[in-house]
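Next come two complexes, and both contain chain A; in the first it sits with chain B, in the second with chain C.
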Partner chain A sequence: MCDQTFLAIVFGPCDRCSREKPLRPVYIKSEQLSYCSICVEMMATEGLHENETLASLKNEAESLKGKLEEERAKLHDVELHQVAERVEALGQFVMKTRRTLKGHGNKVLCMDWCKDKRRIVSSSQDGKVIVWDSFTTNKEHAVTMPCTWVMACAYAPSGCAIACGGLDNKCSVYPLTFDKNENMAAKKKSVAMHTNYLSACSFTNSDMQILTASGDGTCALWDVESGQLLQSFHGHGADVLCLDLAPSETGNTFVSGGCDKKAMVWDMRSGQCIQSFETHDSDINSVRYYPSGDAFASGSDDATCRLYDLRADREVAIYSKESIIFGASSVDFSLSGRLLFAGYNDYTINVWDVLKGSRVSILFGHENRVSTLRVSPDGTAFCSGSWDHTLRIWA
Partner chain B sequence: MAVSASLAHGIHILECLRGASQGTGTLQALSLGHPPLARVSSALSHLPDSVSVPMKYGISEEEALHLGNLLVKHGYIYPLKDPRSLVLRADESPYRFQTPYFWTSTKWPATELDYGTYDPGRDTAQRRRPQDNYNLLHKRINHTWDFVVMQAREAAKQRRKGDRIVIDCQEQAYWLVNRPPVRTGLCVAPGGDGAGCTALAGRVMGRDECPGAGPWAKASPCRYLKFNEQYVPHDPIMSGCLPSNPWITDDTTVATPTKLRVERWAFGFSELLTDPLGRAQLLDFLKKEFSAENLSFWEACEGLRYGEQSRIVPIPRQFLAPGATRWVNIDSKTMERTLEGIKTPHRYVMDDAQMHIYMLMKKDSYPRFLKSEHCHSLNTAKKKLHRELGRKKDLLC
Partner chain C sequence: AGRGAGMSSGGSLGTMQRLVEQLKLEAAVERIKVSQAAAELRQYCVQNACKDALLVGVPAGSNPFREPRSCALL
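What follows is the complex of A and B.
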């Protein structure tokens, strides 16, 4: 009944050997070609010179990485937590669940706040996308997507539309109407087309552009009106799981994290990767920019959250504890950047002191893993969604 | 030629040139726009016979440029027009000799001590709080504090304005060589292989505008502390919010624009623009100053960047054409480039002009707005709450 599509297999003439075979996309010098599987193997070994084997090249790559880390360390001055010693410690933190949003029939996978600081859009595994007025806990709109596992949803900056996508490999935009009789699904607009599941999406500064991340290892920038691909970003070696846009007014960059343990910073205009960080031990589930825009935090399946500084080009803090062994699925900063809220797969939310690197508080309440977490635009509260079918607002 | 040998030659040349230029008093004369290349090669060919220096006079232009470049990179000559870029340009831009006190050949270690008496914040528009810098410095060089204070006193002595400017330029050039900003590819490794360091330091760090990212870019942790201090009072979870957190008390009455909100506009130009109320206030202010077209132009360019292509059509007619009603003040080079670009329009064709106008507003209108806006808000705020600030108001307005 649902039109789920998985990896689309294209059949046609290979760009290299011209035989009719199933094709795979291959990128040579940023140009996309389609090769058959035999030619892919040939091409991979073609680049080797004499006396070079794959093993020796791998070793060379590892040693170069080591040298890069050494050089990075030379430019390093002093540790963040050392400097933070002169900042006062935070007192006891009391945060409670102030609202519980019930209505999803299955695991809540993603949520986003509206700029009006009270509306929320959330999506779940059963294909339902619901827009709530979280203050009154009323549901304002509900859409049923034709696919299950809607892993990404986003609110438009104007508050007039939402975008969502998942296993259907597409990102669809629904304009929000206030006419109760009108069927929202009728006005749906398909914007993005990927070759694998959609893992994250976000509007840029306006309603007209969407940035998406997908399981096919790429991110892409789309024009909503025409559905045209404006820019694509290749570089991740595996599924891209998350992305976040830089907060600056003149900002043109975004960061993405993937299953290849890398977090990469991209320039939206040129499509180039500007910086990349590879210190996590496992998939990066969530990335979020620090409010000033010159650092970002990442949460990963290796049970740690890390803070990366863009100007110093290195990791500056690790937030981990021996008692935490489950992966972090979602992270967000408080408005001042002093607190980092992280939702974990052990059903808890840990609140970290960003500067000192210590845990301030641990919040219990969810009955299954926390899958998504966002701080409200005015910083007064944050919302967490979980596999226990509910969303909670904490303040 | 090995670097050290060429430097030795360079030092000889410099001493000859300085000797030939009638002494240190006319350093300013040397800096008057004569092409440095011509100067170097002509000086080389007119060296006084009394100077018996074992070297060839006839050197090719290419080599002269390379040698000159090395001299600039190592801090013997410094450019006047673009002080942060230590390269020798083969054009009319003026250069000045560095005083021998600061020559790299003296091999004085550029220590924290010396850096302590030099205040890098002096020449940047954004002033950090002097107390923080002071405290940090005190902590780091506590053991030689008396010496530092003595040196600082010496440096702060009143000198003639001309001399002070020259000394400032010299100091700045010296610290640019010895504490190069992390982001640039200027890293001259003291002795040894400079190539590795330059290649890595030259990595593209992204197109963010970062004012005053000089030597302090290395001290990145301090930036976090500063940001933290500035923003924590505005963080509702950390410091509460007025009148109360709506999620806790179920009270949705929104407080009228508080002093806190107005304070936040002073943190940075982007804060002012992102707050709709702030943007409206800025527009009112600009209207009074007859420069409202700047903000309108910026908004139109933003619309083009994020919206449909057709939005570009009204922009040249309204803002860029010579007799336009809302003509924006852009320099001729940028205007030329933009008009060229409009012939093949795309989403980012207005970027240069937009950035120019953004910087213009940020550096010019924004500071004036802050000074005047404070007056304005103080007038409307409750007198008993702002009695203390009222005293400041009398001074400002």
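What follows is the complex of A and C.
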């Protein structure tokens, strides 16, 4: 008896060309097929061809990226702070906590102002969403979500509803009712469905549409009434953490920032990415348009905030200091765009002179990370929310 | 740290083709010089400074947050 094993030669129709030939086993995507020797050769060279195409595309992509940088650099004739040299320097700022909103049982993750410049909606890790009157600090509404980590919340333009979501992967809309007997949770409407956590949401300029950003790497536009997906935005290579809609005068675009360190500007109608910026060294936690709509600011885990001008198509300022080593979680502009307020993971809020690039003030008060920050619609105050369970109104 | 898994940017042919198309689109964007863009940002700030309450402050009594709150005696 011998130990030799024989390679059984199968004769039959080739799985690729169907000719009757001696066949050999080949494995394609874990499936075993039988090819004739000619088809085995063809498959090997096809694989090679695909690799060549992939390599040439990669080269093309690299050279396009290089060309993009070159074109941007050609127009970089001056720095923003140089153009701002003759602008009057800012005086001393007296900004204090004017109200403290207490009531959340855990970390405050997000907040938004109502257009009435007075009411605020905030959401927390413990699943609670609260609507406050910031003048009196009274709680007007409260609802408990079925999930923890409600990372996003937004006020509807009419002031009659709020939207929120988080680890439930959804964005839900709750109409606000003043009937004391009415249970807010009963009227809940699920609008958006993502395949990972909801990180940000915003109504467009009406109560009818909501824009969402998610840990699934996409943004999406939804019709509130029907829950229908109107447009989806693909392009980020990782979780999307924030978004902001362009001021209504400048048209249908929005900006998003993500864990891929990119900030992307999108056309809401076509779903197309119009411009993208990749200069941060870490996750972008917050993006906010400059009031004119011609630029936007970003705050990142790399401890810097940056300003990108959309018409120059490049970063035009970096707001950083060697002493600031913790990530910036949330940014917003004052009404004229001169000041940039940024909340950080080291519990402070830094106030930056947008034009000159210098820090004008540092605000202490929170006892844990500042997670969210928004200036009021008329610019008279700004609100910050923190992991210390409170919200503060500063003016 | 601690983020959920996002989309992976694979090296597959389809993804690369889309990336190249996107880069071509971005390369074709019309741009203006930083000097012009910066001048317009500055101009917007200067023009709107007087309306910016957090920048210049407002007359006493007209900022609802700076007003002392009335205390109700129960």
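In this section, the second predicted complex is superposed on the first by the 327 of 395 C-alpha atoms of A that agree within 3 Å, B and C clash if a C-alpha of one lies under 4 Å from a C-alpha of the other, contacts with A are read in each partner's own complex, and residues count from 1 in each chain.
Just so we're on the same page, contacts are C-beta pairs under 8 Å (C-beta built on N, C-alpha and C of every residue); 3 or more make two chains touch, one makes a residue touch a chain.
These figures come from a predicted structure and were not determined experimentally.
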Task = Consider chain A as the common anchor and indicate whether chain B and chain C clash or fit when overlaid.
result = clash
Message = Going by the contact rule set out at the top, does A:373 touch chain B (first), chain C (second), both, or neither?
response = neither
Key: Which superposed partner A:108 touches (first chain B, second chain C, both, neither)   = neither
Request  = Mind working out whether A:206 is in touch with chain B, chain C, both or neither, as first, second, both or neither?
outcome  = first
Query = If you stack the two complexes on chain A, which partner ends up touching A:145: first (chain B), second (chain C), both, or neither?
reply = neither
Request  = Classify the contacts of A:217 with the two partner chains as first (chain B alone), second (chain C alone), both, or neither.
outcome  = second
Ask   = Who does A:58 touch here: chain B (first), chain C (second), both, or neither?
value = second
Ask   = More residues of chain A in touch with chain C or with chain B?
value = C
Ask   = In the superposed arrangement, does A:267 touch chain B (first), chain C (second), both or neither?
value = first
Request  = Report for A:248: first if it touches chain B alone, second if chain C alone, otherwise both or neither.
outcome  = first
Message = With both complexes overlaid on chain A, does A:335 touch chain B (first), chain C (second), both or neither?
response = both
Note = Dual-contact residues of chain A, meaning touching chain B and chain C, are 68, 71-72, 75, 77-80, 82-84, 87, 90, 95, 98-99, 135, 274-275, 291-292, 294-295, 309, 311-313, 316, 334-339, 354-355, 378-382, 393, 395
Residues on chain A engaged by chain C in the complex (per definition of touch) = 50, 53-54, 57-58, 60-61, 64-65, 67-68, 71-72, 75-80, 82-84, 87, 90, 95, 98-99, 118, 134-136, 196-197, 215-218, 234-240, 258-260, 272-276, 283, 290-292, 294-295, 309, 311-314, 316, 334-339, 354-355, 375, 378-382, 393, 395
Query = Tell me, which parts of chain A touch chain B in their complex?
reply = 68, 71-72, 75, 77-80, 82-84, 86-87, 90, 95, 98-99, 135, 204-206, 208-209, 225, 230, 246, 248-253, 265, 267, 269, 274-275, 291-295, 309-313, 316, 334-339, 354-355, 378-382, 393, 395
Task = Please give the residue numbers of chain B that touch chain A in the complex, ascending.
result = 182-183, 196-197, 200-201, 203-210, 213, 217-225, 227-228, 231-232, 234-238, 241, 245-248, 252, 269-270, 273-274, 302-303, 306-308, 347-348, 355, 358
Ask   = Once bound in the complex, which stretches of chain C touch chain A?
value = 3-9, 11-13, 16-17, 19-20, 22-27, 29, 31-42, 44-49, 51-55, 58, 63-66, 69
